[in-house]
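Right, I'll just put the structure down here and ask away after.
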Amino acid sequence: MSRDTGIDAALASGWFGAGLPDATRARLAALAELTSVATGAVVLREGAEVDSFGVVVDGRLAIRLAVPGRTAMTVLTVEPGDCIGWSALVPPHRATSTVIATEPTTVVTFDGPALRTAIDADPVLAAAVLWRVLEAVSRRLTATRTQLLDLFARADQEPW
Amino acid sequence: MTQPVSPVAQGPIRWLPLDDLDRLLDALRADGRTIVGPVVSDDAIVLDEIASAGDLPAGRGAEAGPGRYRLTDRGDAKRFDHAVGPMSPKRWTFPPRAPIRVARRTGAGVRFASADARPAPLALIGVRACELAALGIQDHVLLDGQAIDGDYRARRAATFVVAVECATPTSTCFCTSMGTGPEVRSGFDVALTELDEGYVVRTGSPAGSALIDSLDLPVADPSALDAAAVVVAGARAAMGTPLDMTNAHAGLAAAPEHPGWAAVAERCLGCTNCTLVCPTCFCTSVVQKSDLDGTTSTEERTWDSCFTDGFAKVAGGSFRPHGTDRYRQWLTHKFSSWWDQFGSSGCVGCGRCIAWCPVGIDVREELAVIAGVGPVPMPQLRTIALAAPASAPATASAPATASAPAPALGGYVTVHVDGMTRETADTVTLHLRTTDRRLLGGRPGQFVMAALPAFSAAPISISRFRRDGLDLTIRAAGPATRALTGLERGETLGLRGPLGRGWPVEEMTGRDVVIVAGGIGLAPLRPLIDICLAARDTIGTVRLYLGTRTPADRLFVSEVGALVAGGQMDVRETVDRAGPDWLGRVGIVTQLFDRATWDGRNAVAFICGPERMMQATSEVLFGRGIDLDRTWVTLERNMSCGVGLCGHCQLGRFFVCKDGPVFSLAELGPAFTMEGL
Amino acid sequence: MTTTTRRPKTRTFEVAGLTRVEGEGSLRLVVKDGEVVEAHLGIFEAPRYFERLVRGRAPDEVLDIVARICGICPVAYQMSAVHAFEAAAGIEVDPAVRALRRLLYCGEWIESHALHVYFLHAPDFLGYASAIELARDHRVLVERALRLKKAGNHLVSLVGGRPIHPVTVRVGGFYHVPSRSEMTAVRAELTAALDLALETVAVVEGLEPPTFDREPRLVSLRHPTEYPMNDGRIVSTDGLDLSPTDWEDAFREDQVGWSNALQARTHAGEVYLLGPSSRITLAAGQLHPRAAEALARTGLAEEIRRNPFRSIVARAIELVHATAEALDIIDDYRPPERPSVAWTSGPGVGAWATEAPRGLLFHCYELDEVGRVATARIVPPTSQNQAAIEADLSDFAPSVLHLPRDEATHRFEQLIRSYDPCISCATHFLDLRVETRA
Amino acid sequence: MSPSSRRTAPRRPRVGVVKFASCDGCQLTVLDLEDDLLAIAERFDIVEFPEATSRRSSGPFDVLLVEGSISTDEQLEELLRLRRETTTLVTIGACATAGGIQAIRNWSDHGRWAATVYPRPELVDSLAFATPVADHVVVDAELRGCPIDPRQLLELLTALVVGRRPQLPDESVCAECKRRGATCVVVASGIACLGPVTRTGCGALCPAYGRGCYGCFGPRGDANVTGLLAGAPGFDDADVAARFAGFTVWAEPFRSVVDAHGGPPGAMPASAPRGSEDPR
C-alpha cells in the first residue's frame, strides 16, 4: 500500500528507522501515519497525557522547559531521524517537557496505546523498538550531563 | 668561555703547592674576574665571593643524610675536601632573580626593551664533576633549544670554571649511578686534584691553558699523579655499588597511577626545596614590578617550582591540584620525560634534593618503589612543515613565507590597534597593524604573548592573518585581558611570537576536513577556515561544527552566516541552551554529527575547545573513522614564556607552548585524558 | 585665672577620638565656673590581655609576644623583657651584645622620635592636619623627616631583621649579629641622619609653644656613664634613687572608672612624668657631646623641664644623641665571640626597666619550676604618664578657656600629643591589676 | 582599568586606614614606605587615617585598609558600617587576617578568663572570641604577616592603581629562603621551623637570621602540617602547641594542630576545649 511504503521510506530515511530490520520497519509503518506540524505548533505539552510517539522526518522540534518567572528555555532540539514522545511508551505516559516546532516539520506518528499493544504482542518488534528508544534516551541523558558541566562558561578565576 | 673539551686534558699536568693557591686566584682576579668559591657560613659550606684562599673552608668537611647536613672538623689544611653544600653554580649562571625586560608607556605608545645582563667576568672555584654535568645540562636546555635565554648565555660566557676532583662524597651522593662523576672529565677550564701538599693541575680549555701557562708551574711528578688517581678512585669506591637507572625513564612513564605517588605525597611538604637546590631545575616565573602609575614595569625572571600552588594554574584552576600530581611531575620530569625532551636524565646525582628535604625524602628510594615497571612505546613528535599550502590564497591566510625561529625571551614588537570588533559582551577582536615579518609569517593555530606595561603577558591565539597585520580575539577574563579588550584605535601593545606549532594545514590537501569549535575555541580555528576557503580546490568536503554556550556567546556571527550562505562548506551550529527566540539547534556540539552518516576514513579533524569537549568530540569522530593521528587538538596550559624555557606549561614529555599547543591525539597518548599530569 | 559672668556656668570639651596618637583614646574636660572639675584622658582601645597571654610561655617566646603590644616601640618591650629574664637567670651578656642592644634601641628612638616630631606633633605648631598636608607647602621638611625615620628603621633592621617586630633578640644575646661590613654599610646614611637631626633641632626650637609653666615631678633611668636606655637606676627630680628591679617599691597603680587603663602614682599618691623631657632633665650629663652641644645652643633645658609643649625639642635633642651614639657604636663594633650565651631556664623572678622612646617601661616576670612564665606585670610609660597628663590638662585649661571651643579643644589635643601617648601599649593594663589582687 | 581610561586621569581613589584590636604596626608600615609615601599620597586621596591625620571621614572609601582583629561589639558594628561604605576592603596583618596573638584567648572560657582578669568584669566590653575580619564581612584582598611586609604593601597599592591583580604568591617560606641563599636551619641545625607550611612574604627573615620561622604570615594553601610534624626535626610533642600558638594560631590548619596538642599554653578551657568551635 503506497501510504505504508511512503511512511516506510520516511522511516528508513533517518537514524531511528534506518537501524531497524526491514520487516519490523514495515510492521511499524503499518501502525503509523505521516503528520506535518506548522512552525510554532505545540506537539507535546509538559505534564499532559502523551498519546503518541513520533519519529521526525524533516524540520526541527524544540524541547522546552518552563520555569515560572523566567522565560522558557530550550534545552534540546530534535533533528530528523530522532524520536519524540517516548513517554508514550513509558508510564505514567505524561510529557516531561513541551515540544514545539521551530520550523515546518514532518513526523511519522504512532498512536501510543496502539503501539504499546503491538509491542506487548510482538517480542521481536518490542526488542527492536525499545532498543532504539533506549539508545535515544541514553543519548539525551549524556547530552544533558554534558550541558550541566556548562563547559563554555567562563572560569571564576583566570590568571590573565 | 668554557668550551666542550675532550676527556684528555690539554697540555702537561702541573703541580701547584698548597700555599700557592692564591697565585691562581690572583691571576684570575688580574683577569678582572670575581671569584666565587666555597666558604663556611651559617652551619654550612656555601658558595660566596672570596678574597683569598684564606676564605676557603680549610679543614672543614660536611656529612649529609636524608634531611640532614652537618659540618665536620678535620683539622687538616685541605680546602676542598667536602661534599657539595646547598648551593650550586646555578645561583651565578642562572640567578634566582634576573630582570629580563622593561616595558614603558610613553606618549608614542608602549615600548619594550630587553634587559639582558652585562655580567662581570666570573671564576667559579671548586666545581665538582656533578656540577659540571649540571652546567652541561642547563647549557643544553637554555642554549641549544628553539629559543635562547639571553641572560644565561651572557652569564655563562663570562664564567671561568676551576673544577676540583671530589675526594669525600657523602651518603646522599650518587653521581656514579647517574654516570656524571666523581671523575672530572670535561666542561672545565682548569681542574685541580687536592693532595696534602698541593694540587695536581689539569687544563681543559685554551683559556685554562693560557692561565696556567702564565703561572709557569712545575710539571707534576708521577707520584703526585698516582696519589691523585687514588683520591678519585677512593671517592668512587666510597659511593659503593651504583644503582641501575636503566629502568627509570620508561618505568616512570609507565607508572602515573602507581600507589607510591600517594604515599610519598603524604610525606612531601611541597616546600620546593628539592627543586630550588637542584642544579638543573630551570623552571621560572615572570614577576611584574611596576611603578605606582603603571607607566614603567620591569619583568623579572624568578626561580619557581613545580611544587607551588600557582605553578600549573590556568583559567579555572590548576592542572596539578594535588601533592601527588606535583611530586609525580617533579620525579617523572627529572628522571623520565627529561630524556624525551633533552636526550638525557635531568639528574646528576649530587644528592642535594635528598639532603635538603626537610623530611628527608630520598629520590633513590622513591625510584626503587615506583620505577620498577616495564617500558612503554613512545610515539615521536611529528614535525610540521612550516610552509603553508602552495595554493596560499591572496586574501586572508597565512603567507607562504616560512616563519622565523621563535624569538628569544626579550623580543616584544609594538603593534598598533587599527580597530576593534565587539564580538560578545566580554569578547573583543582587535585588528592589529604591524610590518613585523615574523608576526605576519605566522601560521594558523600559533599564538602570541600579548603584553601591556604592568600586566602579565597573556597567551592569545591569532584569529586572522592579514597582509598588513593580524587579529586577536580576546575574552576579558582577568585583569590583563580586561586591559587588552579595553584598548582603543590608535593605542599600542606588545606582541611576542608567533609561538608554538600551528595546525598542520598541509594535512588537509586531498582530504576531507572536519573542524569542530567550542566557544572561544573558534578563534584559533578561524585562520584555518580562511585557508579552507582559499584552497577550496585542493581540499575535499569541509564540515564545520560550532558549539556555543548561548546564542549571545556566538563569535563572528556575520562571517558564520556568510559561510552558511556561501555553501562552500557544510556548517552546523548549536548552542547549549537558549531562550524561545532562538530557532536554531540546541544541544551539545557532538549532536551535530554523532548520527551523521559521512565516512571519516579520508578526513582530518581539527578541534578546539575545553578539553572535556575535545575528548567527547574526538571519541565520536574516531567512531566516524578519523584515526588518532588525523585528529588534531590545541591545548590550553599555563603558558608564560612561550618558548619552552620556563617549565610552566609542561604536559608529560611536552612543553605545550613550543611542542604544541597543537597536538595529534596519537602524540598525546594518555596525557590527553589523564588528570593531574 | 579670672572668669566673666558672660561665660556659661559649665563648658565641656570633648574629643571622641584623639588623632595623631598611637592607638585609640579620648579626652573629656569639664569646666565649672572657670574651675576644671573633670579632666579625663580616656582609653578605649580594645584590651588584648598580654600579661595573661604570656602565661605558660618560655622566655624566648615572650620576647616575640610582648613586642606585639606596640608596633611603634616593639624594641622597648623586647629590651625590658629580655633584661628581666636575664636578671632572673643571672645571665651576663657579651659587651658587644650589650652595645648591639643599645644600637637597636637607638634605631627605635630615631624612628619613633622622627615619627612623633614631624608626623604627630609638628603639624599642630604649623597648623596642618597631617605631615602629608604639610608636605604640600613644606616638602623639604617632610622629606627630611622621612629620611631620618628611614635611617632609624634601617638601624633596627640591621640588628633586628625588620623595623617592626624584629626577630633577632633572644635571652642571652641575639640569634644573629651583623657583620662588620654590614655595619659600616649604614655609616654614610647615619652620618647624613646626624645632620638631619641637628637641622631638626634648629627647626623645632623655633616652634612657638603655648605658654605653660609648671613644676613637674620627673622620673627616668640614670646611668653613671651612658645616656639611659637599657641600664641605670630609677631616679626622680625629688630624690628617688632605686634599682630598675625595684620599681614596685616606689610606685603603685590605681584603677579609674573612665579609662581602660590603670594610672600609676608614687606610693605617696603623687603623679609623675616620664619621657624625653625627664631624661634630658635628669641625665643631661650623659648626653652625647653633639647632643649636649645642641641642647646648650638652644638654651631651652629649663623650658624643656617646665613646659610640656617643649618636649618636641627634647625629642629632637635625643634624635641627635641617638644618631651620634649609633655612629660611635658602629665604629667600635666587633662581632661578639658567640652571638648568645647558653643558659638554663628555671624558676625565679625577674624585673627590669628600660627607657622606651616615651619613657620608663617596667616588666616583671615570675617563672615557674620549668622556667615558664607564671605571672607577668608590664607597666608602660603611657599608663604612668596618664595621671600627670590629666593633672597638666587641669593646670593648662584656664589659660585657654577664653578661646573659642574648637581652638581650645585643639590646644588640649596638642598638649596631650606632646607626651607622645602610646595608647596601644596602654590597653592591657587592667589585667595586671587582677594579677596583683588574685 | 583600560589604558585609555587610565590616561583620562581618573579621580584619585579615596583611601581609609583604620584599626581594631592590634598594635598599630601594620598601619605604621604605610608610613614606613618612606621612599614612596609622598607619591602614594599623590596617587591616593587618604581621607581617613587617625594615626597620621586629624582630618576624619566616615566614607565612602574606594579602598579601606583594615588592621586588627574584632574583639568587641562596638568593633563589630563599626566593621559592618565600614564594609557598607567600602568598595575594596583589604585586611592588613595577622590580627585582621587571622585573629592575631590575642586569639589565643579563644581557647579559654571567656567568663572565667575575664573574671580572672578584671576586678569589675561587668565594665569590660569584650566578645568571647578575637576573630579575623573575614569571619564577619567579605574581604576583597588580604596582606598577611605580623607585621605586613612593606614590599607587599607597595605591590598591593601599585596593583590597585593600575587595576591588575597584586602578585602575592601563596608559596612556602622555603622558596624565598632558597632564592635568598639562606641555609636551611632544619637540615643544617635541626631547628624546628614552620617555613615549609607558612606563606611566603617576609623574605624568609627568621631562617636567614638563624632561627626557625614562627609562622607570622600564616599557613599557606595545602600546608602539610601532618607531614611536617611527622617528618621534620625539632618538634617534640611537649612544645608543638606553643610553636603553632603564635600570631596566626586561629588560622587552619594551625588551629587544629593546637587543638590536637591540648590547646595553647596557659589556656583555661571550659568543660570542652573551645578551639575548634565556631567563634560566632
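A few remarks follow.
Chains: A, B, C and D, in written order; residue numbering restarts at 1 for each.
By definition in this document, contacts are C-beta pairs under 8 Å (C-beta built on N, C-alpha and C of every residue); 3 or more make two chains touch, one makes a residue touch a chain.
Nothing here was measured: the structure is a model prediction, and the numbers come from that model.
On a Cα centroid basis, the chain most remote from chain C in this structure is A. Averaged Cα coordinates give chain B a centre that lies 36 Å from the centre of chain D. Chain A and chain D have CA centres that are 60 Å apart.
One simple way to say how far apart two chains are is to compare their mean CA positions; for chain A and chain C this gives 85 Å.
Chain geometry summary: the mean Cα position of chain C and that of chain D are 26 Å apart. Listed for chain A are no residues, as none touches two or more other chains. Counting partners per residue, chain C has no residue that reaches two or more other chains.
Of all residues in chain D, those touching 2 or more other chains are 210, listed in ascending order. In terms of which chains touch, the assembly is arranged as an unbranched chain of neighbours.
Looking at which chains touch one another, you get A-B, B-D, C-D.
Chain D makes touch with chain B in their complex at residues 1-6, 36, 39-40, 43, 157-158, 161-165, 167, 169-172, 174-175, 178-190, 193, 195-197, 210, 220-222, 224, 226-228, 230-233. Chain D contributes residues 19-29, 31-32, 34-35, 37-38, 41, 46, 49-56, 68, 71-72, 75, 100-102, 104-105, 113, 116-119, 123-124, 126, 130, 146-147, 202, 205-206, 208-211, 214, 216, 239, 242, 246-247, 264-267 to its touches with chain C in the complex.
The part of chain B that touches chain A in the complex is made up of residues 313-317, 426, 456-459, 475, 477-481, 518-520, 547-549, 553, 574, 576-580, 582-588, 590-591, 594-595, 609-610, 612-613, 616, 638. Here chain A touches chain B in the complex through residues 15, 60, 62-64, 71-77, 79, 81-82, 102-103, 139, 143, 146-147, 149-160, going by the rule given at the top.
Of all residues in chain B, those touching chain D in their complex are 41-44, 46, 67-71, 86-87, 91, 96-97, 105, 266-273, 276-277, 287-288, 290-294, 302-303, 305, 308-310, 323, 355-360, 452, 454-456, 478-480, 482-483, 485-488, 491.
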